[in-house]
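After this come two complexes, each holding chain A, first together with chain B and then together with chain C.
After this line comes the complex of A and B, so read on.
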């Protein structure tokens, strides 16, 4: 019954779209000159508009819903192809891993902001908590898996210090608490001698069950290890996020976000659901911060400023609040574009702020808006757009 | 002994309190008319300081030597330009999002603040470094028995309090003030009574932003320095003060501002590392907010379940 209405043309266009996206991705990453980059972007935008008009993206979603194994297998094949093409490019691989880890952190923010409606302007601070935890544990020879997990747990625990003021206060006040925390966190790091003060702290390279992360893999760059690890972590976190959204957990989050008073009238414990969303979200952010710190090899307070928190939030807004899939292209654009266009590197924060302002005014739903919730299979594929 | 510097701490605390109160009053005004928080407020303050600097440089390059004239023109330019900026921000960023979720307004003003900060850093000549602010106030000092008070501190304290008092009288006694209060109480009814909602909102934003510019000038005069990144911190402090005092109440904002300055001063006396004074003040503020979520002076909210 599930496979009944899947046409060949749907599969073909879906596969074609995915292939085109992969080609765009590779040519964007490997573009050497600014002109080739601009041509790539122009072609990419052209294809995006064409595909949107021809409803290729809808076909992709139908395809992914009806043939999940085939779809995910195809994604893994495409990723392997991309990795084998750029296996000698240190910088491209580093960017892929960074985008992946930032996206993972943004899934945490999506849980908090997009689902439960909790404003968290301390994203970079929680990344930093994960990173510093891993730094301390790794310097004391704790196995890396444990220390990354502990990075997430510490982020959740320290986040729970903020829970009480956030629960007692509403909307804007909660935003203030996290902004103040973000500013204080950097001051705290700079003053703390044990954590290396303003100079920061070094982290020994990872070693996972004898798989050393500082050595070249398969004759390529050593960053491949980090890319693979962060892709796996991102996949797991994305899976959890989507399951949470689909399940009754997500339904509770949505209800708390949309109307607190009405939800509590229906017997939903608002405080409990807010705590749950905040804790899970911070755990994800902490984990990605831990791996990110390990990949950098050296972290300092300037890696985790309020500006970085704003970049995380910008990614979530640009991608479409509450849509984890939208986070991926948004993270890619926001992180890779300034690295590629060196002349905008200096103006990057100004451009992001203007970009987010324009998105909020003209397209508040972001690049890909969140599909409507589908309660029954018979309702067909989720809607895109309104 | 620490008490030797008590007079310095006291005067410093009072000057900071006045500056914070001026910022907090702005937050309270905006919250009153539109129920929004304008997070770019601190950066408007910073831009006000830079506008004053620009005006002063232009004046001196034109050959104007009279300090008092320069001071007045500088202040007027800063207040008017930031008032205009505030009104434009309200017109093009805040009002269009009136129907959107509050989070969007918060984000858009936060991003506006970032844009102002980055614009000053990138486009003001050599804007990424701290700029010396001219000494326009007399640097003499008065001695009362053992207390030594600098004249410029006194002028800032009384000037700031005077500005807040002026705003208070404006809101209590004029037609504009009546309209602002009417919209704060019930904007729909106010509109039915023939109040031009958009005009009053723009006016309120201009007023609040002008006050922030004045605070920026006062801050520059007191520290003799303006810095592109000072706005974020001052904005957060001003917002904390307004929240602790109770959003929507001008008296609450003043109390909040002085409370924050008091906490910072106490922190400076108790801790040897200067940066801990802010940590201390913010932690106390967060604790107060956890205990009294709607602030020290405000009506209790009624939609709890």
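After this line comes the complex of A and C, so read on.
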């Protein structure tokens, strides 16, 4: 096998890079004063340039490809370390869980937009469908794990209402259909008294096999339970998304996205693959919405506006369309940065928007663009992919 | 290479050492909408709270130095819960003055309760925020929309108006106003010809206004906040509707007058508490506010934010730095003198505001009704100037 190719220095630098990323992540999250925030960012950028010059990131990718078990085990160890350091930091944990859940929802969008080429501007609406389903089921004492699953299923089912208009339209027009749905959804919520109307609906805390999510866990914050749950869900969804990409399913999605006419000439059923991508994607968004709503404990229609759908889409674009790994730093940036800019108060969204524009100017394909599809290990002409 | 790494590690450790340095001043949180459609009110409230802190810090009789931690809730419940968690989970912050938006406050009171964080609402008017729970931590210095609408309905009926059309936005704020105003109006004998719910981001009201024109009411009651208030008032003029425009506390802002220009004239609105300039402490507040040269006015709820911050400072001065004792102190507040009049909390933490002030726009200013030329008879509400 190729294990002999892996030098000790490669492993060491890869591990070091991962460690440094974890340190950066945690100090950025915990930095409270402007000065410590600035130092963290400066150090982070410094290390990034240094690591890039030394091709540490390539080493990391080689390492992850050749020793996947070791690599993933290391990730789990790093995450547990982060959690044990942060276990009393309610707010940091809350942010970690939010980023994780938004990332999970964006994997769904990646499936739709990145693979099958379906622009979904109603992401927040499907997030809301998951949330409201959980709210109603949890208020009727349905076990939480079931209600979160039902949240995903309901999102898929309601999404199927949109299938017909989406199949009949293309490109911008299909995007318009989803925008209309997003606006319709919010108005529907506001006028519907059963769903709590405009002031929203409360959700009782989670209870999983007698493990109450509203109580402190392992001597730490009660948000730890949500972080663990959302990390597990994210891991599973990320795994599924990557498997879909690598398999013949992903090939079909790619070909539908790139050229519908050519694909149908080869006997690919365009409608079938579009529906599949749309439904799976909405399912992912729905379950993450369900857990998010449960963590918030109170949801209202203004959480699920068209603007929030745009946030989801911008995470996918910023991360690099079609690359689920890119979604992670992008979600972190889009959710945590406005929070870290709180000290400049009313100007923060302005500065935040400028930063996002800068990122897009210097990295127009997003933070991490989608790698070329390799059909064989050592041979990978860019047939399909970017 | 190894040297660079060592340097990085040293920097990291040093940086953690530096950041854990403690500040000796007492921290108070402020949460309000600093960005988005109602940011004018949020910034006015923020400045007023900031003023209270500055005055306390320059007062030699105070035992502590204070620091305001300002956070933006964007008027969105999920962001509100996020920043509420941030404030409440920080043990250095002893109390918080929070929320202009009702939908946000409804969600965050649970968070504040969970963390035992004493909080005072400075602007949100939905009754449920205080009356919907029995959390000892939750207080509110401004009144609810129940008293506001009762006074409004009685006042208008006494003026001799008989027919109304209601436009309200479909947020809880607008819907609540619709509900309480309709109930009060029925009690006093007014007639509602029709009511229209509009979404908070609607731009065009021609459909609703055309219908309203054919109903020909004497008064159009609007339950909602400034941005759509401005749109409705200007579009009313385009359709030549001459009915009296009656608003709620949500449109009492300078932004409303700037947005509508001369059309703002003879708009009515009602707000809890006495007008700042009529109170002995109020004129001091306005003077001091001017001295600080903030770039924007305190807006309608500035005095409430100022009073709430002062009350919190008083609680900390009297009890020391312990959240439980501050909560206890706040629960026992009776007849506390402030710029908005006496503050007395009932068992739900709600300030029992006895007074509602009526405002009318006259020559580009919100003027107290009793001092206006409309009251003295020099101008007529029902006639275009």
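Assume the second predicted complex is superposed on the first by the 358 of 386 C-alpha atoms of A that agree within 3 Å, B and C clash if a C-alpha of one lies under 4 Å from a C-alpha of the other, contacts with A are read in each partner's own complex, and residues count from 1 in each chain.
Criterion: contacts are C-beta pairs under 8 Å (C-beta built on N, C-alpha and C of every residue); 3 or more make two chains touch, one makes a residue touch a chain.
Since we're looking at a predicted model, the values are computed, not measured.
In the superposition on chain A, A:317 contacts chain B only, with no contact to chain C. Residue contacts after overlaying the shared chain place A:360 against chain B, while chain C stays out of touching range. Touch criterion not met for A:8: it reaches neither chain B nor chain C.
Shared-chain residue A:43: touches chain C; no touch with chain B.
Shared-chain residue A:94: touches chain C; no touch with chain B.
When the two structures are aligned on the shared chain, A:184 is found in touch with chain B, with no touch to chain C. Contact with neither chain B nor chain C is seen for A:69 once the two complexes are overlaid on the shared chain. When the two complexes are superposed on chain A, the residues of chain A that touch both chain B and chain C are 187, 190-191, 346, 349.
Interface residues of chain C, counted against chain A in their complex, comprise 1, 4-5, 8, 11-12, 15-16, 18-19, 34-35, 39, 42-43, 46, 70-72, 75-78, 81-83, 85-86, 88-90, 102-103, 106-107, 110-111, 114-115, 126, 128, 170-172, 174-175, 197, 199. The touching residues of chain B, when paired with chain A in their complex, are 36-37, 39, 93, 96-97, 100, 102-104, 106-108, 110-112, 114-115, 118-119, 122, 232-233, 236, 239-240, 243, 273, 275-276, 278-279, 282, 285-287, 289-291, 293, 303, 305. For chain A in complex with chain B, the residues that touch the partner chain are 113, 117, 119, 121, 164-165, 168-173, 175-177, 179-180, 183-184, 187-188, 190-191, 261, 264-265, 306-307, 310, 313-314, 317, 346-347, 349-350, 352-354, 356-357, 360-361, 364. Chain A meets chain C in the complex at residues 16, 20, 23, 27, 31-33, 35-36, 39-40, 43, 46-47, 50, 54, 89-91, 94-95, 98, 186-187, 190-191, 197-200, 202, 214, 221, 296-300, 302-303, 339, 342, 345-346, 348-349.
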